Every structure is written in C-alpha cells, then in structure tokens.
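One chain, subunit A, links the two complexes that follow: it is found with subunit B in the first and with subunit C in the second.
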Partner chain A sequence: MWRFVAGRGAQYLLVLCLTVILNFGLPRMMPGSPMVFLAGEDVGFLTPEQRAQLYALYGLDQPQWRQFVTYVGNLARGQLGYSFQRGRPIGEIVRERLPWTLGLVGTSLVLATFLGVALGAVSAWRRGSALDLGTLGVAMFFESVPSFWLGMIFIAVFAAHLGWFPIFGAGTAGAAFEGWGLVVDRARHLALPLATLTLITVPGMLLIMRYAMLGVLGEQYIATARAKGVPEGRVLRRHAVRNALLPVATVFMLNLGFVVSGATVVETVFSYPGLGRLLYEAVLNRDYPVLQSTFFIITVSVIAANVAADLLYPLIDPRVRRR
Partner chain B sequence: MSTLAAAAGLPAVRRRPALGAAGWAGVLVLAALVVMALFAPSLSPHDPEETVGDPFQPPSRAHWLGTNDIGQDIASELIHGARISLTIGFLAAAIAVGIGTAVGVVAGYFGGWTEATLMRAVDLVLVVPFLPLMILLAAYLGPSFWNIIIVIGALVWARPARVIRAQVLAVKALDYVEAACAIGCRHGRVIVRHILPSVLPLALAQFILAASNAILIEASLSFLGLGDPTAKSWGTVLYYAQARNAFLSGAWVWWVIPPGVLITAATLGFAFTGFALEEVLNPRMRGRRGAG
Partner chain C sequence: MRRGVGLLLVCALAMGGAPPAAGQPTSQPSALRMAITRDEGALNPYTYQTGYPGWNLMTLIYEPLFTPDADNIPQPWLVRQYTVSQDGRTWTFALHPNIRWHDGRPFTADDVRFTYEYVRRNPHSRWTGQVRTIESIETSGPTGLTIRLNAPSSGFAAQPLADLPILPRHIWENVANPRQFNDVVGSGPYRLAEMRDGQFYRLVANDQYFAGRPKVRELVLPIIRDATVTFTALRAGEIDTTVRPLAPEVVAEFERAAGMRVARGAGYASTILQFNAEHPVLREPKLRVAIANAINTRLMVRLLLLGYGVVGSPGYIHPSSPFYNPAVTFTASKSRAVQLLNELNYVDRNGDGIRDLPDGAALRFTLLTLAGNPVRIRGADLIRSWLRDVGIDVRVVAQEDASIIAQVWPDFDVCKGRRFDMAVFGWSAPVMNRTTALRDLFHSDCRQGTINIGGYRNPALDRLGADLAAAVDPARQKQILFEMQKIVAADLPVHTLFYQDGIYAYRPDRHAAWVYQKGQGIVNKLSFIDPPRR
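Entry: the complex of A and B
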C-alpha cells in the first residue's frame, strides 16, 4: 500500500517537474529574443515601464539558473505572470475560466461513466445479440467522430436551424437573470457542449466495461450463483457488475487526460469560456504567457484528479488496502 | 472447462479466426480513401488552390460540393486533402509504433530496472493531457507539416509500447528463445532473429490503430488553426468553415458535413482494420473484444 502511494506520488511529481521545465525551457530555447515568447507577440508595443516590469518578473538579466529559481518560486507562490495583451495578471484570468471547465468536464465524466457502465454491462450480458452489436457499432462511430465536428453539426441543427439552444457562450450576454431563470439560462448554454463531450467519452467507458464484464461472466462464481438459483437480474447486478467495475475505475483516471483534451476542442467550438477556450485564444493571439500558464493549470488539475482517484481507489477495492 | 466456457457464452473451440466482416469493411473503406489520395489530381474536377467560381456557391454540376469563402472548389479541396490527412496519419503512426516497438521490446526483453524505468515513462505519457501539450508544442514550433507529424508521433507511442511489451514477455518465456539464450546468442541476435519476428505482426495492428488515432488528432490540431496552411487537410477545411461561420447558414450541409464524414470514415476504417487484425494476431485478445 505505502509502496504504491510512494510510487504514484513520485510519478506525479515527475510529471509536474517536466511540465515546469518544459514551460521554462521552451520560450528560452526558441530562436530570437525570449522576450517575444515571454511577453507575447505585442512585445514591441510595451512601454519602458512594462519592459522593466517584465525584466524584474522573469529576472531576464540574471543567469539561467537564477531565472529558473525565480520562475519556480513565482509558481510556488501561485504567481502565473502577466498577460500584456490583456493587461491583466494571468492568475485572475485563469480563476475566471477554471470553474466553467470544471463544471463541463465534471458533469460530462459523471454522465459518461453512468452511461458507459450501464450500456457496457447490458452489451456484455446480451453478447452477440442485435442489441450488443448495435451498441458496439454506435460506440465505434462516436469514438471515431471528431468532437469539434460533432459540435458544429449540433450547433447547425439544434441551435441555428431549430433554435432550441443558444449558439455560443455560457450565458446570455447582458441579460440579468436571477434565481431559477439564471439556472435555466446556464443549463441551456451547457446542454450542447455537454452532450458533445459526453458522447465522445462514453465509448471508451463502454468498451472497457463490456470487456471487464465478459471476463467476470466467465468466472466460476457466476456459474455457481446461477447453479444455486440466483435470479438472473440479481446475478447481473450483484455478482457481475460489481466486480467488473474495478477496471472501469482505473480507466476513469486514465480518461481524464482524454476528456480534458476533448473539452479543449469542444469549448472552442461552442465559445464556452473555459480553460480550453483560453488555450485556443492564447494560440490565436500568440499570447505565450497565457498559453503556458493554461497548460500548467490543466496539467495540475489532471494530476490533482488522479491523486483524488488514487486515494478513493482503496475504498472500492479492499485488496489494495491489504497490500 | 469447456462446459463452463459454453455456459459463459465463450467459444469452446478456438481456431484462428478470419478477418471478419467488420475487418473487411475497414479494409475496403481504407482502400477507397487511399485510391482517392493517390489519384487526386485526375479525380478532382478543379485545382483546389485556384479560385474557380464565385464564393459561397451551393452545390451545382460544376461544383459538386459548392465553393468556399474565396471561391475554391470544396470537392477538389477534400479530394486533395485526403493526401495530407492520410500521409500525416501514416507517418505519425510510423514514428509512434517505431518508438513504441523499441521501448516495448527493450523493456520486455531486458526486464529489471530498464523495464521499470521505461514503463514509468509510458505511464507518464498516459497521464499528461495530450492535446493541450500538443497545442503548446505546435504553437511554439510553428504550424508545419513535419512539426505536426513529429508532435503526434512523439506522444501516441505509449499504447503500442504497452501492447508490444506484453507480447515480448510472452515470447521470451518460449523454449526456443530460452534455447537461443542457452547456446550463448548475443542479445542483439536474439532480439532481431527471435523476438522481433513474433512481435512485428502485432506492431502492424498497433500501427493501424495509431494511424486511426493520429488522423483524429491531426484533424483537431488543424481545426484549432495549428495545421500547415500550405497543405490543407480535412481538418483545415473545417477550420475555415468554422472561421467563416458556415454552420450558421445552409452551407454547413455541403461545407461541414463532407469533411467530417471523411475524417470519421478514415478513423473508423483504420480502427476496424486494426481491431480485426489484433484479434486475428493476438490470441489473448480473441473472443474478448469486438463483435463477438
């Protein structure tokens, strides 16, 4: 158990270190002045005071190792730097965007897990039936569809032509909703991005659940349960699904990176004001400081979610506790 | 055992299965797309880079899928786009499976701390949110054909590495490998003569699955404006369609749907072929996954 914890911890620490080194190294390795990559494309328009601020912030007149120490120190104190293009500290921008992404990704993960587990279990239970083959076909389709394209189609059909949902954003601009009205407005804006992200996440869960179920259904205790006359529905729910859930929990963690990646694209299509959209805007404007910070925050969030999942894992699998 | 297997719905007798309907469907779709890419100049009605009509034209006899915002023929763009999308898919997959096979074979064969280190690296790559990392790298390196290929290849090798390593572990335990070791063959010779040949078919299946992955990732990167502007892929066409708000007008029917269908067809074609091949080649997979 402790070896497991230490191993995992070391691994996450390594990912974090590599991210920091990458973020520190990339702008300084590029040809030309690192100023461009540290301040963004607009570096030529900076006032002398802003230049001085930039030098002080990154310690650009100091040797590389001092710069690195300054950089890590700033990060440790939660200082992500300054976006000269937006004229705001990056930390502030990120804090504004993070909740939207968390809401979208979190809701989508929960929905996709429930759908994936239920469909995967039924699919394996009725293995080889038309239902199973149909489910697999649909799952393969949604796993192969580009998420942004699915989003574009949804916008064209459900927003532009049918008018059921708003076309972009996370809330109606300029509208002062309160209470219930605000909730409905937010939900209407969330619906299409959520549907898109969930639809591309379900297949991964479904295939793993089905695979795990097929393994469990071949076990002797299932045959035993049937032999002693346990009703089929009970065998499915109590004996099969419960044991098949373990690998799904592992995949749930591995899927985080995938879902966050999907969210990046989906947020862009729907102009949803989350971190993914921020990443896209930063690429578009060549706003390198924001680009870096956003990537850093996304990585940290994924690691944090992994840690949480690792801590919860012993609760669902008693065998891990005893190790 | 066989009665138990039958009760569980598993096939009692296990023969090496043929490719199967899904696999052949995948091969067929791929073949069609490859033909399209190979004969793009003679198949496409217009030069994809020339302005050949008025902008935003609906489909007509002259322009099957209408024209885009600067009057280029969309059908010709898509036919030529097949070359870019498929080439990037193939090359990125080749890099990924190259790295994956090397890592998998070395890790599986040598074991010990070599294996532990390499497999840690694999886990590491799997944890990182890959698309944001790719966006970061692509943004710094600049949008070019080769940068996209290298970035994708360098980040999707982890899955092939895992699968290959598992196969190497199985092969290493076989008698003839042990015999080769016993008569004092050097490591290099054992790997090249005995390990690699038994791993290569599986590497082929992994290559096809990686290509499926790579095409989808390339489409995403190009859609985000990180594709090579001088080599338009299917994703790039969608990038322009999005930038010109094609999905708000009727144009989405001929400007947005076709490139997406092509990307999906290519991804599905590769995936079906890859899964079917994996099932044929990897005995442990058999009967577990796919259309049972």
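Entry: the complex of A and C
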C-alpha cells in the first residue's frame, strides 16, 4: 500500500516538474515578442533605449535561465506575479474568474453526465429501436457541430429573435441586482452558454455509457437476474446501469480536472468572463505570467482530479481494491 | 442527486462576483451602453491598452491640457489662455481656475509639472518620447505654467499637449511601478464607478466638472469579443452603440434598420503596399512605380470596401487631412507599367511569361499579408494577378501578425533591418495625425524614421524631415509637407492603396450628439461634452 502511494506520488511530482518547465518554455517559443503588448500601439515611436528599459522593467532582459529561476522561486512562495497586460496580481484575476468557469463548465459537466448516463442506458436497453437510432442520430449531430456555431444559432434564435435570454455577458452590465433578482439575472445569462456546452458534452458521455451498457447486458448475471424473475426496471437500474458506470466515472473524473481550463470557445462567443477566455487572451497578448499561472493551475487541478479518481475507484468498484 | 445539481448552480451564481460596494450608485436605465472589444486595464494612463478607443475612453477620466477637435487640430481645454514665444521655444499657459480632481482636491499647475516629469522618469511608450524636447517647466501660482523647449517642435501642441493626460500628484508621487498601479482618480468629465475584469466598465458623469455637466449621465461599456454577437446585440437593442466599425457588407442593412443610424467619415488608417527599399531589385524606384501602375486601387476600393473608402494618395496623406497636397496625383496605367519595365530591360528571356533580370533571374517576389484579415488577403491576391499580367511573378504568403512583424519589422525596431520583398501592410489612424508622420515613415536614420520599415533613403527627404520637426508655424509645416508628399509620390517607397472609411452604427434615441472625429470615429470626448468656454 505505502509503496503504491509513494510510487504514485513520485509520478505526480514528476508530471508537476515537467509542467513547470513546459509552462515556462512553451509561451516563449511562440513567435512574436510581448513588446507590442507592453508598449501598446506606439511601439514604433520608442527609442531603442526606451525599449530596453521596458524589457528590463519586466525582467525580460535577463537570460532565460535566470527568468526561469525567478519564476520557480515565485511559484514556490505561492506568488503568481502580475499580468503584463492587466497590471494586476494574477491571483486576484483568477479568483474573479474562477467562479464563472466553475459555474458554467462544472454545472455543464454534471448535467451532461446525468443526461449522458440516462440516455445512454435507455438507448442500450432499447438497442436497435427507433428510440435508440433517434437518440444516436441526435447525439452524432451535436457531437459534430462546432460549439461556436451552435452558440451563434442559440443567440440568433433564443436571444435575438425570441428575446427569452440575453445575448451576451454573465450578468446585465452595470446593473446592481440583489437577492433573487441577482440569481435570476445570472441564471438567464447562464442558460444559453450552459445549454450549448452541455449539448456538445452529452454525446460523448452517452456513447460511452451506451457501449458499456451493451457490454454489461450481454453478461451472464443479467440473464440470471431475468431468469430469477427480477422486474425489468430493477434489472436495468440495479444490475446493468451500476456496473456500466465505471467508464463514465473515469471520463467524468478526467473532465473534472479540466473544468478550470474553462470552455474557451463558448466563453468567447457568449462574452462569459471565465478562465478559458483569460487563457485565450493571454496567448494572443503573449502575457507570459498569466499563461504560466493558468497552465499551472490547470495542471494542478488535473493531477488533483487524478488523485481523487485513484482514491474513489476502490469505493466505486470493489474489484480494484488492493491490500 | 438532482438537488445537488440545483445547489451547485445556485452556488455558482452566487459566487460569481459580489454586489457592488456600498456607496456606489447603481446603474440607471438611462445609462448609455457602448460595447468595447477587450479589457482596457484600469483605464488609467499606464494601464489602458488600445490607441482607439482605449486612449479616448481613458481621456474621459484623465485629461490632457489640450484636446483634438473634430478636425484633429489641438485646441486648449484645461488651458484658458496660452502664448508661444517668437522662437517657438517658450510656451506659457494659464489653466482654468476651477478644475478639481475626482477626490475633491484642486487641480494645479504643479500637477502638470509633476506629470511631465513623471513620464520622463517612468518609461511610457507613448509619452516618454514626447516630453524629450522639454528643457524646463516652471509654475507660477496654482494656474500659471511655463514650458521651455530645447528646440522648437512642430508637433508639440498635438503631442504631448493634446495627448498626455495629467496625473494627480498627491496620488502618483510615490508610485514606483505605475504599470501595476490601478488607481483611477482623474479630473475629467467622467469617473470610473465600477470595473469588472472581462465584463464591463461603468463610468458616471462628474457633476463638479469645470466645463459643465456631461451630456450622458452614465456610460456602461460591456466587453463583447465577437463581432457578430456585437452587431446582433446592437440590432436587438441590448447595446446602444459599439466602438467596432461596421463591415462594408452590413452598412446598407444597418442604414435601413428601424431605430438605427449610421455615422460615416474619413478613416485615417491606411492599407499600403510596403516595398523593401533595400531589396537589390526593388530599390529601383522605377520598378516600384511600374508595379504601382499595374495596380488598380480604384477597383480595390470598389471590390474590397464596396466603395466605403478612399483611394490612396501617392504622398501617403489622406485627402481629408489639412496637410494633403492635392497637386500630388497618381493614375495607374497598365501600358505605362509595361513601358517602364521594358525601359528597365526586364524582359522575358526564356519564354515562360515571366520577365527576367539582365542577369537571367526571374522577376519574382514574395508578398506577405496578414492571415486574419480577409480584406488584405483578397487585396494581395488582386495585386498578384495584376502583376502577373505585366510579367511579374508574385507569391502571396499569408501569415499571422507576429510572423509578419518578425520579417518586416523585427522587434519593432527598424534599426534591426528587415527581410522581406513586399508586404500588404497598414498603419493606424494616429500615424496620419502626427505632424511628423512623413519623417517618421521615411527618414533614413532609423532613430528618426522610427517606422521606416522599408529602409527607404533619400537625402532630400531627410533634410525636409529635419526642417519639419523644427517648424512651429502651421503654414510653414504645410509647405514642407507638400514638398515631402511630392518626393514620396515620385519615389513610392510605399504604394498607398486605400483608406477604409470609419462607419459606426448607433441608436439615436439613446444618444444622438455624436461627433465624428476625422480619421477616427465617434468615441471621443466631444461626443459627451462641449468644449469649455475660454
């Protein structure tokens, strides 16, 4: 047991170290310098001295290895540093944005998992029926549509045309709601991005569930249960679905780790202030500190989700319990 | 389990941002909603991001001494009276007496002196260079100010006077790293009431403003990243206007739409065919003129901009600019192009349809263009086909911005040279507004011609550039600029293709007093407040 824990621990530590190195290296390997974003549009009117001064201000004049040492040192002290572009502490920006992303992507993941499991189970149970084929067809459709396109259609139909939902944002800009008014306003703004994200996530879950169910339904114990006269509904819920859940749980845990990376495309289309958009904008602006920090946070949460999965598996499936 | 989902949802909704702090008045239904495209930092002079509209919005909060009028001529604003000495080196100002900072402290000449010295010490890409010519600044009393320059400077009224916003000394004097300082106490007609990263800014009118009450009580600036969504929101009435210009394809639709109005005016941003004047073949002016003759810029404006634009002037300066030389004209002619190429003895020697240089190499160039910009890509393709018609082979290479810059303008430092043949490039509106634009664009010394990305050299133009920089009298400036445009038109270090018009849609029932500032657009101080009475 302890050997196992130590082994896993060492593995995760190694992944973490590699990430720290890649986080530093990858943004700097992109073509283009952050100069234009540090200097703004007047970059052309700087003298070489001013340019050098500006680089020095951000420590970009230092050799790469020294920048790396500084970065690791700050990270060890829990300091994420300042955004080049926003001039604000990154910790503060992330704290502001994280709740939006968790609300959108987290809720969507939970919803999509429930829907995927339910639809996948029914689909497999009624394999070959019109219901199964219809569900599969619809799932394939949503699996293959680009999320920005789906988002645009939702905006055009449900927001612009029917006026049921707002077109953009996470709340009415500049309005100060309180209590229920606030919750309703937030929910109205959340509806369309949540629907978009959920609809494109469901098919993956559904297909995994359906496949796992088909496997389980062919097992001897299902036949045994039926032979014993167990009611169909009970066979479905107790005997089949429970045993087919394991792959879904795996995918769920994997996705859970990536929740903090946000949903860049959906967040951009709906002007939702999540971490995915922050990351995307940081790439565009060569905002190295923000890139390093957000990638680091994503890695840590993916590792944490993996650890959680390792710990939860034995509870879900007694077969993987170890001594 | 289902209850779990509901709970998660409510938690998420509740967590996403606290209600505004107590004491801040909340948004009114009368608020004017103007969508912007990205974050602009804390909207103070060291953190705003874009030249347009960032600078324009920031100067609603922090004000320069002068303000450009609708024709972009700098006019005194915080200044009640001013005089310039005969030699152009001494500027004396009397400030308006009743200006206050948003925190109630009086605005004085000492704040101005502090600011001009502050940007000298704390490098700012826009202003540090502008205050370089200042020799000394003296104050006399709270409203008196004298600035002495070490040489007369032609652009001084425009930059820094109408460009550099004044900082409150009592807040900034101990700020060592302004790029990480997010205070927003200014003196302008609006103050920042609320700011949400990635969501919106909210500005409210400053009722104590010295020049009177602003026309709009409250400005809400939501950040909408996607262009289609922005215009959908505008059509649906969820926003009242946007800083995004309308694409030519949708102008007619917005002009017809009920409750919408479209403001259209000259755009000073240029689209140019940039030559590498150090290229062994393209350094020949006659070849550049031949290439220009093969390009039908009139047709480009019709095809690419659907007519919403102005054909490029060969002297670079936009025909709407007060400095435009109308005597400088260019009419493209394919036969003239062929004639010039023949005169240069560039003829097809091997029968492949491509002209060859005297040494046998084919007349072949690479044309760089920006991948994310459909207008430029289609423009580059038109140029390719027109040049092919006269026997010049052009390969169009579309790349993302950073890669283009790495070849055309490495490290944004023209002293570092260049490695390209030709590029479809462009400059933003502020370049046109700089009095010294033609020196900056074409002076051979890379420290003066800081955006001479083609490495063009012409001693006559250099001399005129030096004269221009020292000319204070507008009539004299105009005279020099006329000469410079003649040289540029004859040599064509760049071939100016066109200037796209600025076209903006808004809902007139929400706010109709928009002022179109020439070359730039409707987002400027004049749209929100009338100039102070002297």
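Here is the rule we use: the second predicted complex is superposed on the first by the 251 of 323 C-alpha atoms of A that agree within 3 Å, B and C clash if a C-alpha of one lies under 4 Å from a C-alpha of the other, contacts with A are read in each partner's own complex, and residues count from 1 in each chain.
We take it that contacts are C-beta pairs under 8 Å (C-beta built on N, C-alpha and C of every residue); 3 or more make two chains touch, one makes a residue touch a chain.
Here the structure is a predicted model, which means the values were calculated and not measured.
Contacts of A:V269 after superposition on the shared chain: both subunit B and subunit C are touched. By the touch criterion defined above, A:V251 lies against neither subunit B nor subunit C after alignment on the C-alpha atoms of chain A. Of the two partner chains, subunit B and subunit C are each touched by A:A156. Look at A:M140: by the touch rule set out above, it reaches subunit B but stays clear of subunit C. Within the superposed three-chain model, A:I167 lies in touch with subunit B and with subunit C [touch as defined at top]. By the touch criterion defined above, A:I222 reaches subunit B but does not reach subunit C.
Of the two partner chains placed by the overlay, only subunit C lies in contact with A:L190; subunit B stays clear of it.
Of the two partner chains, subunit B is the only one that A:T299 touches; subunit C does not reach it.
When the two structures are aligned on the shared chain, A:M30 is found in touch with subunit B and with subunit C.
Looking at subunit A, you'll find residues 30, 152, 155-156, 160, 167, 268-269, 286 touch subunit B in one structure and subunit C in the other. Residues 1, 4-5, 8-17, 19-20, 24, 26-27, 31, 33, 38-39, 41-42, 46-47, 49-51, 123, 125-126, 128-129, 177, 179-182, 194, 196-200, 202, 218, 220-226, 228-229, 232-233, 235-236, 238, 400-403, 405-406, 409, 411-413, 415, 428, 430, 440, 447, 450-451 of subunit C touch subunit A in their complex.
In the complex of the two chains, the subunit A residues touching subunit B come out as 11-12, 14-15, 18-19, 22, 26-27, 30, 37, 127-128, 132-133, 136, 140-141, 143-150, 152-153, 155-156, 160, 167, 207, 210-211, 214-215, 217-218, 220, 222-223, 226, 254, 256-258, 260-262, 264-265, 268-269, 276, 279-280, 282-284, 286, 288, 291-292, 294-295, 298-299, 302-303, 306.
On the side of subunit A, the complex with subunit C involves touching residues 30-33, 35-36, 38-48, 50-51, 53-54, 57, 82, 85-88, 93, 96-97, 99-100, 102-104, 106-107, 110-111, 114, 152, 155-156, 159-160, 163, 166-171, 173-178, 182-183, 186-187, 190, 268-271, 273-274, 277-278, 281, 286. Contact residues on subunit B toward subunit A in their complex (touch as defined above): 4-5, 7-10, 120, 123-124, 126-133, 135-136, 139-140, 212, 216, 219-220, 223-226, 235, 238, 241-242, 247-248, 252, 256-257, 259-260, 263-264, 267-268, 271-272, 288-292.
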